[in-house]
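Have a look at this one before I ask anything.
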Amino acid sequence: MSDENRKVFFNGKFIPEYDAKVSIYDSSLMFGDMVFEMTRSFNKEHFKLKEHIDRLFTGLKILRIKIDMTKKEMFDACIKTSEINAHLFDDTDEHRLMIDVSRGLLSIYQNIETLHKGPNIIIADFPLKWTVAGMGQLFDEGINAVITQQRVIPADLMDPKIKNRSRLFYLMANIQASEMVGKNNWALMLDTDGFVAEGTGTNFFIIKDGKIISPEGRNILRGVSRQYIIDQLCPKLKIPIIEKNIEPYDVYNADEAFMSGTPFCVLPVTKINNLNIGDGKVGPIYSELLESWSKETKVDIKKQIKFWNKNFGNRVEISPYKFK
Amino acid sequence: MSDENRKVFFNGKFIPEYDAKVSIYDSSLMFGDMVFEMTRSFNKEHFKLKEHIDRLFTGLKILRIKIDMTKKEMFDACIKTSEINAHLFDDTDEHRLMIDVSRGLLSIYQNIETLHKGPNIIIADFPLKWTVAGMGQLFDEGINAVITQQRVIPADLMDPKIKNRSRLFYLMANIQASEMVGKNNWALMLDTDGFVAEGTGTNFFIIKDGKIISPEGRNILRGVSRQYIIDQLCPKLKIPIIEKNIEPYDVYNADEAFMSGTPFCVLPVTKINNLNIGDGKVGPIYSELLESWSKETKVDIKKQIKFWNKNFGNRVEISPYKFK
Amino acid sequence: MSDENRKVFFNGKFIPEYDAKVSIYDSSLMFGDMVFEMTRSFNKEHFKLKEHIDRLFTGLKILRIKIDMTKKEMFDACIKTSEINAHLFDDTDEHRLMIDVSRGLLSIYQNIETLHKGPNIIIADFPLKWTVAGMGQLFDEGINAVITQQRVIPADLMDPKIKNRSRLFYLMANIQASEMVGKNNWALMLDTDGFVAEGTGTNFFIIKDGKIISPEGRNILRGVSRQYIIDQLCPKLKIPIIEKNIEPYDVYNADEAFMSGTPFCVLPVTKINNLNIGDGKVGPIYSELLESWSKETKVDIKKQIKFWNKNFGNRVEISPYKFK
Amino acid sequence: MSDENRKVFFNGKFIPEYDAKVSIYDSSLMFGDMVFEMTRSFNKEHFKLKEHIDRLFTGLKILRIKIDMTKKEMFDACIKTSEINAHLFDDTDEHRLMIDVSRGLLSIYQNIETLHKGPNIIIADFPLKWTVAGMGQLFDEGINAVITQQRVIPADLMDPKIKNRSRLFYLMANIQASEMVGKNNWALMLDTDGFVAEGTGTNFFIIKDGKIISPEGRNILRGVSRQYIIDQLCPKLKIPIIEKNIEPYDVYNADEAFMSGTPFCVLPVTKINNLNIGDGKVGPIYSELLESWSKETKVDIKKQIKFWNKNFGNRVEISPYKFK
Amino acid sequence: MSDENRKVFFNGKFIPEYDAKVSIYDSSLMFGDMVFEMTRSFNKEHFKLKEHIDRLFTGLKILRIKIDMTKKEMFDACIKTSEINAHLFDDTDEHRLMIDVSRGLLSIYQNIETLHKGPNIIIADFPLKWTVAGMGQLFDEGINAVITQQRVIPADLMDPKIKNRSRLFYLMANIQASEMVGKNNWALMLDTDGFVAEGTGTNFFIIKDGKIISPEGRNILRGVSRQYIIDQLCPKLKIPIIEKNIEPYDVYNADEAFMSGTPFCVLPVTKINNLNIGDGKVGPIYSELLESWSKETKVDIKKQIKFWNKNFGNRVEISPYKFK
Amino acid sequence: MSDENRKVFFNGKFIPEYDAKVSIYDSSLMFGDMVFEMTRSFNKEHFKLKEHIDRLFTGLKILRIKIDMTKKEMFDACIKTSEINAHLFDDTDEHRLMIDVSRGLLSIYQNIETLHKGPNIIIADFPLKWTVAGMGQLFDEGINAVITQQRVIPADLMDPKIKNRSRLFYLMANIQASEMVGKNNWALMLDTDGFVAEGTGTNFFIIKDGKIISPEGRNILRGVSRQYIIDQLCPKLKIPIIEKNIEPYDVYNADEAFMSGTPFCVLPVTKINNLNIGDGKVGPIYSELLESWSKETKVDIKKQIKFWNKNFGNRVEISPYKFK
């Protein structure tokens, strides 16, 4: 696969990926003023694309970014983008789409003739393995969730349910996680009430006495994967699942824990601040979820990522969620 | 002046402004992960450039963005950028430099061969009048500061003293200000303790019984203009100035009020939520500050902006701080 | 109908409405120290009068205001008051009772011989149309709920569940709502946690995926109408209803929304901060509730208010909940 | 003195005190929507009347209550009210003016022909001894300040600097103070940050190492007496005075403490939660302040109140600030 | 029974109770760094000992106190301790075990040769009547729950779910409760959100409309008795029980209320701040719970405590939870 | 020196150190209910002993622990304790006194005949080198202050100005500091407002532009060493010092920083979260303070500790403030 050939949907045109750039005068580079989505495929089939686009449009609505595309057109543009790039993907690859919408040039720069006017609508398509190739061992060893000093910004100040780019605090959490002892560290942030909110880029779940518990959808991104688990997987498996405030104490006391995220679906969390959750091993209910998800999507999720890890791990050394 | 000829310093090279773009895979477009400064000149002389660069480097330090430039080299690059573009500026123009530093490509994208590796260091140089041409009448009528429902994010969650791009809440405040009745509205945000913090992009001051009071440097950007007023202008004019928590009540009760910001120096605030501050006129101590500043910099600030407003107002219809 | 003939129950006597006044030395005029209820009739039948009186007595208990009337006597006095005034009401009128209980004269004024000693117990009875005549169009156009900068006072500082007169912040919210752009604005206040609390004088509900959700009964008045919807209407209609913290995001994302209040029962909310809720039209589940309520009470609620609006709208120009 | 003869200024007319009443439909009785001042005289000379009226007008401005009187006219009406009642005051009496301004009838009641339209402006004038006759022993024994569970409402939710009637929480604090063991209890409220705010109806001060410290003017009424102490008395006596956040610990640790309030000027606080402040005796710096104030106003404040206490104490059994 | 003969398990040995002491250099005496449990027997049978030990080990885990005993060994040591002391207990006595685990000597004192190294593990066994003998009348009269100014420390600052000795605020609450008027006072603390948390040493419940409600397990100790009521007693009795935030208003409005605690199981709460809950009498659902508990454990709980109260009340004058 | 010979003042008697123990039924072991002080000598002269005892008595007063000793008697007992042990101290040793006062047996245990009744008053005297021997290198390398996830408990919930033993959160902070990367880590805690509070067991200071700044005395212990620096050392050296809220940003931006504490006086802080403060070297103003302190007390503080470090460092491996 050759980097220079990938094409990006950019305001209605397809341009080379290396040209997919945003002007320094764009609102997204001024204020983090961009709504986005990142999706994945299973066997090249796009997963929950409609749900991602619905969420995108809710964000655009609240931020008063007006675009000239319907949800349907956005959906079609996504499909088309992946079709155009399909020949560049290995058989074993999966698509990872990144949909970006920014408000466009700040008004004072709108008279620069050479620059695009109006919102920027961007759809990139790259191999999912870039994101997950370094995560293979986590399926066996589990994540060490480390509670960072950095807390999430309360929703009434900047709502994380609008998936936006104004989230430098994520990076601070990752920096802090990287400065704590331990292996397989992943930042787990509390909200300002002291409740567990989310991992950087992931939703969090604990399992206690056969029930799955996930934080209320307040100071978190309401993840598409999280919703899939709540609305589809758990009912199917007859595993009770509830949304409820949880605290670090509940994590210390849990039988199992895991994180969900679009690229890897679910990853086990076996430690909290270097202390075992349950017996510190990957647990049965987590495994059941992963298996069921794999079955539903006809992709052995763990095997696929481990395959990439083995074959392409050298390309990507560091998880995208970790601070280098 | 021709837009297409302006050059931007971009990682050591000078490229056309219309090419000054950042990859969609850059950390700044992922997390608002960019530290920046915006400066201005007086009579083409750069003002407080050193102070801006000092603040930039403090932000880089705390965010652990490591660059291969010293402060001195940054200073020189700024100077050089404005020299290269100087011939494109009218006699009546002033330089406005925008210095941007982002962390660079997220790690998972670092193997894309066609993309720049490492932090992005960008210095753009454009005419100040773009920013301020719409502000002429504010010197006479004064701003109507409107307290928005949006509050600033507390410093212990995301420190505004690090001048960064992760500030979508600024846009929300501007949207709200634009949805309130009144003329010359400018968003004034409180912090979560209910204290007055800052205008969007400006520092705020009130004057009571001959004393100038500005909010403590906690939940605000500690502006270079603000510091100039505190450390130099006021002592010179023998006007007492203190940093102290202030509340809306204090603004309602003030004799005068004003905002400071690099592009316009100081603008009078004559109303708060549509109610007069003092007698609702531009006040004497504000005027003294403006005059003194003009004298120090040998530029009649008000006259200059009104000149631009008259001659170039059509180019820029809307203040950069207002939501369209 | 002649204003001068209406009678008000005042400490056991019936006096002309224009004489129904409270001494400037009364605790209610010193501290907002008054508990009250406002009720309505349907076809001249008092609705939920017992529930209103129960709530009144709970407030009196907590505020340690001791009166020499039982709940039964209060109920009877209400009935008697409406009977005495009944002949002054048109056939198309409905009763609106206002029950006020204040602690009485502050102790230092209790020796003024000419003034009443002990608590003041007042029951006034006036036509409901005064309150609602201006609301006719809201049934068709819906309310534009505007989130005000003013938030509700947390219950642990002054409990809104005690229906009292110490609520100047309501007026501030109304002032703010009137200073925002938009039509049919109605203040919607958040609590200090950022959750939606209540409209000024109303309870708030959203509808999502067929379920009705109303904020938890914490920082709100637990309205009698709200309770009627939860306990009686919804179960009857088999519409699931839950009490749960909701956020502005949930309102932006809702399918429908409405407010409840004694005088108008339920009013549709079709916009939030000028953005459409759902498709911005009055929704089906709201309509079902209204219709059912009308059926239960044998009054076409919407038609009745529109009738008043048409015939008496000139009498009252402004909603009681709006700031003039 | 005969109660029935006192006259009250009521919207431009002088009416008997027993007729000085407010309609049950007035905004003040609906929302606590009334701004007020209470003043006193020394030797029948009004004290700081201008300052009281200034504060009244600031409150009216912020609450958007528009009246057709200038500050001058209000001042004159106050003087005239006390002149009209002067013959009813004993030689040993002092005037206590109560100025009330309410927004007037809620709009829905404005068509009741028999009721006054527009704001209500009321000035009552009664003997100061009513208020203070029960306080004589406090000058010798000192107050036992009891920190109540009730805290003040933060200024950003309802600003206490606007002297208004929406303050039921004051009564709750008094109820709580009356339910605590101890003698001479007076409620001392903290703010929600845990700082000492104010007594119910009074400002609070501690003295430590020769310095007087009073809480910052945030979550308190900025009392006229407090300001007189800060701006005039202390500078005159060369006692350093600062405004600073103080905590219960600082009170426990203080050498002396006192409260200020218009009717009694300053009262010593000798205990905090039944524990001695300093040696539990009335302290020297407090005494110096009281003496100086007496000298400035040519009234022996303590002697005057003790005189009333002895001769009229039976009239008023209970402090106005205490719950019966 | 002779005090000098009781034996205490102390780091593996049995020593006389009067020798059961902890070095002044122990971490428990430096930082309140001790996890503990207190249990009781019914008819000399240990109740829920396993649950107590489970909670103890969770606390040890989170505090990183490492001991060389398994849960099983701890259980056995408890049994053995009570066996060794059994002959000293009257027939009518019950065992009360106190299990203490401290981290041990602070490191700087670890070289003192004469002192024990490593954690201290202590199990004492004394007659339950010591604790409860003074509580007999509470079963008939009920507790007067008084809401203290002292609030509980939020769980994210110091988690009460770890049963530890660092809880001086408990004593402050008891001091405050003892300084409030009323009989049978027991401190009831709110959390910093204003929700009811717990009594000092007890969990709290209200009953409304046949349902039992207990605060969410956040800012409280999740009591073993509380869990027994939730998981076993209520399901058995088919009484609905839910965990939910409750406020003082809900307590004022409740039909019944009670507290649970290991030594006395459940005690009725008939008043809140001296006001009746319901009719101020011990209620039927409480009585049903007590009776059922007695039946399950084959001990008439109320009768047993009243017996002790009558016969041994003189030994212990004051409840352990009250400040002398 | 022989451990077994040291004597501890224990309720009026001198007993062997290894017998200085507290009953498991003591309030200190139940609630962390103990007030304490730890002092040091310079050349065997007790330093600021009076100030320590003053603070001790303030704590006892607020906690309502009543003892039968005056401050003078406490002072004398301290002196006597050190005299009795003096012969056991090397020439190069210094005394470290630990004064502990607990409330005594909980009431329910007061009938155990074999146990001491009433408060426990304990004075221990051990070599200061135990505490500081491991700190020698910190004078050269400086501390790496790490901001922990654990924050201090706000003063209005449990006042740190009362030096008490209920402070398990200190240990949690130390545990967290030990689990972060870096060398010479020392926990620096923020308060819940995000301001820098204190190190575990130390006060914190920054130096900026020649001025020393220390956090306001709110959520911290107001250290005796801190007060000595503020009131005596700085005035003497003419270094301006102010008490002011500071934030992490201010520390990142400082020129120098240091911590103060009784055993070591002042230690340099050269890093914050592994980033240099200033140039990362021990700074000149810190050095001036240390030198001046040494001169005042006629002890070369740094040299003395380094001497102990060299000769006795093996005895104590770990700083008392660090978690093992």
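Side notes on the structure shown:
We just call them A, B, C, D, E and F in the order they show up, numbering each chain from 1.
The criterion applied here is as follows: a contact is a pair of C-beta atoms (placed from the backbone, for glycine too) under 8 Å apart; a residue touches a chain by one contact, two chains touch by 3 or more.
Keep in mind it's a predicted model, so treat the numbers as computed, not measured.
Common neighbours of subunit A and subunit B under the contact definition above: C, F. Of the two chain pairs examined here, D-E and B-F, the one linked by more C-beta pairs in contact is B-F. One copy, subunit A, sits rotated relative to the other, subunit D; on C-alpha atoms the angle is 180 degrees to the nearest 5.
Subunit A and subunit F have centres, each the mean of its CA atoms, that are 47 Å apart. Chain centres here are Cα means. That of subunit A falls 45 Å from that of subunit C. Looking at subunit C, one finds that residues 64, 154, 157 touch two or more other chains. Contacts between chains, counted with the stated touch criterion, involve the pairs A-B, A-C, A-E, A-F, B-C, B-D, B-F, C-D, C-E, D-E, D-F, E-F.
Remark: subunit C residues 190, 193-194, 245, 247-249, 252-253, 275 touch subunit A in the complex.
Contact residues on subunit E toward subunit F in their complex (touch as defined above): 3-4, 8, 16-18, 20-25, 27-34, 63-64, 98, 100, 103, 106-115, 122, 124, 126, 130-131, 150-154, 157-158, 164-172, 175, 192, 315-320, 322-324. Every residue of subunit F that touches subunit A in the complex is listed here, in rising order: 147-149, 179-182, 273-274. The part of subunit F that touches subunit D in the complex is made up of residues 58, 61-62, 64, 154-157, 159, 161-162, 216, 218.
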